[in-house]
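Notes follow the structure.
Think of it as A, B, C, D, E and F in the order they're written, each chain with its own count starting at 1.
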Amino acid sequence: MSSIERPSGRQPQDLRPVRITRNFTCHAEGSVLVEFGNTKVICTASVADGVPRFMRGEGRGWVTAEYGMLPRSTGDRMNREAARGKQGGRTVEIQRLIGRSLRAAIDLEALGENTITIDCDVIQADGGTRTASITGACVALADAINWMKANDKLKDDVEPLARMIASVSVGIYQGEPVLDLDYPEDSNAETDMNIVMASDGGIIEIQGTAEGEPFTEAEFMSMLGLAKSGIKELLGLQQEALANS
Amino acid sequence: MSSIERPSGRQPQDLRPVRITRNFTCHAEGSVLVEFGNTKVICTASVADGVPRFMRGEGRGWVTAEYGMLPRSTGDRMNREAARGKQGGRTVEIQRLIGRSLRAAIDLEALGENTITIDCDVIQADGGTRTASITGACVALADAINWMKANDKLKDDVEPLARMIASVSVGIYQGEPVLDLDYPEDSNAETDMNIVMASDGGIIEIQGTAEGEPFTEAEFMSMLGLAKSGIKELLGLQQEALANS
Amino acid sequence: MSSIERPSGRQPQDLRPVRITRNFTCHAEGSVLVEFGNTKVICTASVADGVPRFMRGEGRGWVTAEYGMLPRSTGDRMNREAARGKQGGRTVEIQRLIGRSLRAAIDLEALGENTITIDCDVIQADGGTRTASITGACVALADAINWMKANDKLKDDVEPLARMIASVSVGIYQGEPVLDLDYPEDSNAETDMNIVMASDGGIIEIQGTAEGEPFTEAEFMSMLGLAKSGIKELLGLQQEALANS
Amino acid sequence: MSSIERPSGRQPQDLRPVRITRNFTCHAEGSVLVEFGNTKVICTASVADGVPRFMRGEGRGWVTAEYGMLPRSTGDRMNREAARGKQGGRTVEIQRLIGRSLRAAIDLEALGENTITIDCDVIQADGGTRTASITGACVALADAINWMKANDKLKDDVEPLARMIASVSVGIYQGEPVLDLDYPEDSNAETDMNIVMASDGGIIEIQGTAEGEPFTEAEFMSMLGLAKSGIKELLGLQQEALANS
Amino acid sequence: MSSIERPSGRQPQDLRPVRITRNFTCHAEGSVLVEFGNTKVICTASVADGVPRFMRGEGRGWVTAEYGMLPRSTGDRMNREAARGKQGGRTVEIQRLIGRSLRAAIDLEALGENTITIDCDVIQADGGTRTASITGACVALADAINWMKANDKLKDDVEPLARMIASVSVGIYQGEPVLDLDYPEDSNAETDMNIVMASDGGIIEIQGTAEGEPFTEAEFMSMLGLAKSGIKELLGLQQEALANS
Amino acid sequence: MSSIERPSGRQPQDLRPVRITRNFTCHAEGSVLVEFGNTKVICTASVADGVPRFMRGEGRGWVTAEYGMLPRSTGDRMNREAARGKQGGRTVEIQRLIGRSLRAAIDLEALGENTITIDCDVIQADGGTRTASITGACVALADAINWMKANDKLKDDVEPLARMIASVSVGIYQGEPVLDLDYPEDSNAETDMNIVMASDGGIIEIQGTAEGEPFTEAEFMSMLGLAKSGIKELLGLQQEALANS
């Protein structure tokens, strides 16, 4: 039993309740509403013929991502990035992470010269929007690949979906490692780490940041342990969601 | 009975099924999901102390609006305006219409030096996003005013909500006036008109546009008639939604 | 006789003195200085080969419009939009209205794959700049079509100019409908409406806005009546201008 | 007599016909239409209380300038800078020259903490737009100073207008120095020089550029001589214009 | 001995030759040229009174960072970000990392309400520009703190420099972990990791990315080991540089 | 002997110590560090196949330039133009001058359809950054032409380098003409002039500006005399630098 009290009453190793709703909107080839507790993100995957100019003629596909937050997804209203005329640094950093992570799920050769654009739009934020985005977007991506198969957009006998990936945050809160931080924890954590892992056990991305004091290697290892078990659980929930049609 | 066949099978004077879900997200003072058939818009109303610089010290409040579409709310993915670095002309035109319309619902004197910002974000589009936005946003606005009362943000004995407003589109489709056009109708209509009216029967805004041939005064009058009955129905649905707590 | 006193001493149904000067500048295919009283706008129509990318190969032409105000066309100097790095919402809204309206004057099939760009630049403003712009621009457009005919830019026996169009504002000022509002009236009007009509009597665009209180259907009808007679007069003045060579 | 034939038939030392029309528009404190042949520029001078933040409290005034061209002031339509979202390099360079030059006409101490903004908007271009702008703007500036005196905006017994300034272009065309180049000359000149001089004979600005081959000191001296006599003539025309009320 | 051949002939655990030149330019409070082999970065630290608006009155200081590359610091010329009108996503991501890392070196309370801005400008790039930037910038930061002490900008008896930090990259190249990747290695690495550590042994930031295949925990641990020894070496070189005056 | 005391102790006709270091960075086809006293600029020349769209197919080449200052190249830190999202007016004006000047050094026909982009980045500023940039960039340009010859990028028997050019500033400081102003002089000069001349004695560009009072023709002539001797010296230093390999 843990010696700390998490604001949500969870144990250190507990995820928030996670829900993955497929076909949330009707136009996209893959459309998922993902909920990590009160964090809610609409993830769509859009398939288009062709690839960006710099990749043309090489026979490989491309996966890219964009991220946004509705202005009032947060406690205080944020300025709308479209109205300000530019995306903020945090937005750019997150959408680059989402794109990199999801490219690791895909065999770009098998995808052929097609582009899949992931859009993750946060409609309600309570910490962990980037990890929820990656976890939900991978389900939307799987649906988009299924759509491509059903609509003869792929060569025979190729499987672009190389592996499923999922992501979770871990951190040091009140001196103890905890899994899947919500906003009250995140804004008080000493260390914050986002990890992306694959269904075959490999690591895709580790981003750990000391918010105040540096962290030790031992702390790092216990956060990594929590993350591994959390991601395993998330990968199971993705499979359940994909099993339902 | 009508001589034309609407793609949805509706009669000319029929609205699509309309749903108004309050408290759709948890942070905003007013938060509504409005659905006109397959058109779905999240409308939030955010209350902030103070008014823009040019209005300070006059004792009056302000209501403004912003509008956006998720990139894959449409059949083909649109570019994200935040990434392009500017809002398109259509977006600007629509958010100005929403802001003007909702200011007509409010007694700005009674509001005091507070600003309410309306955000209308389309998560799924099938025609009529601006009329759904106005209709849903007015419910969010009413909730925000209620929040202000409950939180002592207003002077005693004032009522900033002067009237409810609602909006619907009408058009000439295959030569006949029809109410509440969906996308297949909208993209083939000869004339397209958006009307905003108030619960006390007055007209707030009329915007009618000949897409191809000019329209006649007689056509205009029959569109206006359809709009009046449609808006009456919408005002009733708003009341029902607000009656439920 | 009217019960109100208009600032200019006009009767409710009176236009301001209107002047249309063709060939105002020397480079454009059509160039008109239009004056509605103290409102003065330079309207040019520029012909170019080809159409925007999304229309290529369909054999149809395009008409588009841009609008601007010189910084000191107004009582207080406005910021220059080119220096601010973006066009304001009002500018975008007006230039979209001008473009839509003038496209209704043209048979785009008959125009062939050519683009006509309308520029309306206000050099002195006193209310009604958008209606003066549309009225003057249609004369510039007619001159540009004439230039195309004279320079063999059109197929034989086609007539791209389907109809002339003109525009005027009407409003409720001190409780009474009046035609062609100048700035002192416009800034105090309860309702403001801009109407675009065609030489064949059809309506192209109606945009009516309650600035404060909603307006009634009866008020709307009497404004529409004033507008119809004002536009008829303007269409006559356009013909006179075009008759002079 | 000259050995070359100028496209306009002028002698090398001839200005084009110059016209200076004061009070061209009604809102600005100074408003001038200046014409150098077919080059026509509206120059306004706008007076505002106060100075930019970096100058506050020093008791000195400020003069600044902006420059623009209507899109169809030229033979081919140029893109509108407000629509492109930025001013081009040529525009920036010209408006900095105009501002610097006109500041030399003013005693900024005597002006007090007031700002005069010069706007030069080219409505028709045929070479020499920057020199016409400077020459016309100085008359608008004089009118603005007169307006300030008449409206008690200045301390007693100060004279902010230290001197009149005027500007002209000179160049080497077909091997020979010529004054006041029009567009056909300008686009074929080997060297192009713009000179700004003051009514007391001093030089404010010299900008000479070899377009192809470098020029010699002797060529420079003969261009300078032409410029001096041209500017003297322009200063006389300014006086004539200011003498008429 | 290693089984792989690094392009530079280095052993897997070898840093490139590192040089740290203090007082490289004369205006900044701290100015360092840092060289990791052929990667050369100018790092300056600029001290200014006050903090950003959102932090005022809390008595704490701020450290922020900006990053840029000269257009021809790379093999092919890159577009200049100032000319393109925006910073790219990679730039934004890197400058946020630099800022976060250097804030971990500073006790913001002890800094008082002062801001230190770090500028890292790459004049020649050969891989590892962000790790060289952090390592060099920390020396510039130490010099800026020294300047503040010498110029009485700090309260008595406070020490804002809480610890020195340094950074290095590690990666999997041809299947083997290697330290401090140069460009030929970086562009072919399977995994790329940047680590920031402190002089007291703590970890500030870990960013590991699988470029192709996911990496294992074992690979991660051996990369971490290499990084720890490399950073120890870099911290020593910083001390040497700071010891020389 | 001069009657004034220059801050640096130089005689009126003295240049600051000038150093030209070739091959300063390793990637560019030409790369020079130029130092005029404490002013230090990195000048690179980058060769690329092809020319801008508007010049294609004419068989001629193009030379263009960009200019920037590192944020802390100056006494107070300037905002980074890339972060502000636009280049300032001074930057635009200077890079246009550099580009124009260097095009005068090149026979564009002989260059063929190739583009050379000059980048001048100021790493330390003490007045005269534009003249140092031009002088250093011409050496980088000569190296780039040599690289083209060595790499068979040019037709046989052509010489694109038509002449060397150099630039220096002159001004009236404390009533006396002085050569090569440093920042303390520049910020107090009554008149500031930048001159670009060619190795064959011709003048490429003269830009003289009265900062306060107008200057006389006699002052102009004595400044021109100083500039000619200064540029002759600079042309000699360029030759020396190019003679060393």
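Assume contacts are C-beta pairs under 8 Å (C-beta built on N, C-alpha and C of every residue); 3 or more make two chains touch, one makes a residue touch a chain.
Note that the structure is predicted; figures quoted are calculated from it, not measured.
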item	value
Shared chain contacts [subunit C and subunit E, defined touch]	none
Partner chains shared by subunit A and subunit B (touch criterion as defined above)	none
From subunit B, the most remote chain by mean C-alpha position	F
Interface copy of D-F among A-E, A-B or C-D, judged by whether over half of the contact pairs recur	A-E
Type of subunit C:subunit D copy interface by residue overlap (half), same or different	same
Cα-superposition angle relating the copies subunit E and subunit A, to nearest 5°	180
Geometric centre distance via CA averages, subunit F-subunit A, whole Å	51
CA centroid of subunit E to CA centroid of subunit F, Å	33
Averaged-CA centre spacing for the pair subunit F and subunit B, given as whole angstrom	59
Set of subunit E residues in contact with two or more other chains	85-86
Running round the ring (origin subunit D, first step to subunit F), the chains in order	D, F, E, A, B, C
In the complex, subunit C residues that touch subunit B	86, 89-90, 92-93, 95-96, 100, 104, 163, 193, 197-198, 200-210, 212-217, 220, 224
Contacting residues of subunit B [partner subunit A, same complex]	25-28, 31, 38, 40, 42, 44, 46, 48, 66, 68, 70-75, 77, 80-83, 85-87, 91, 117, 119, 121, 123-125
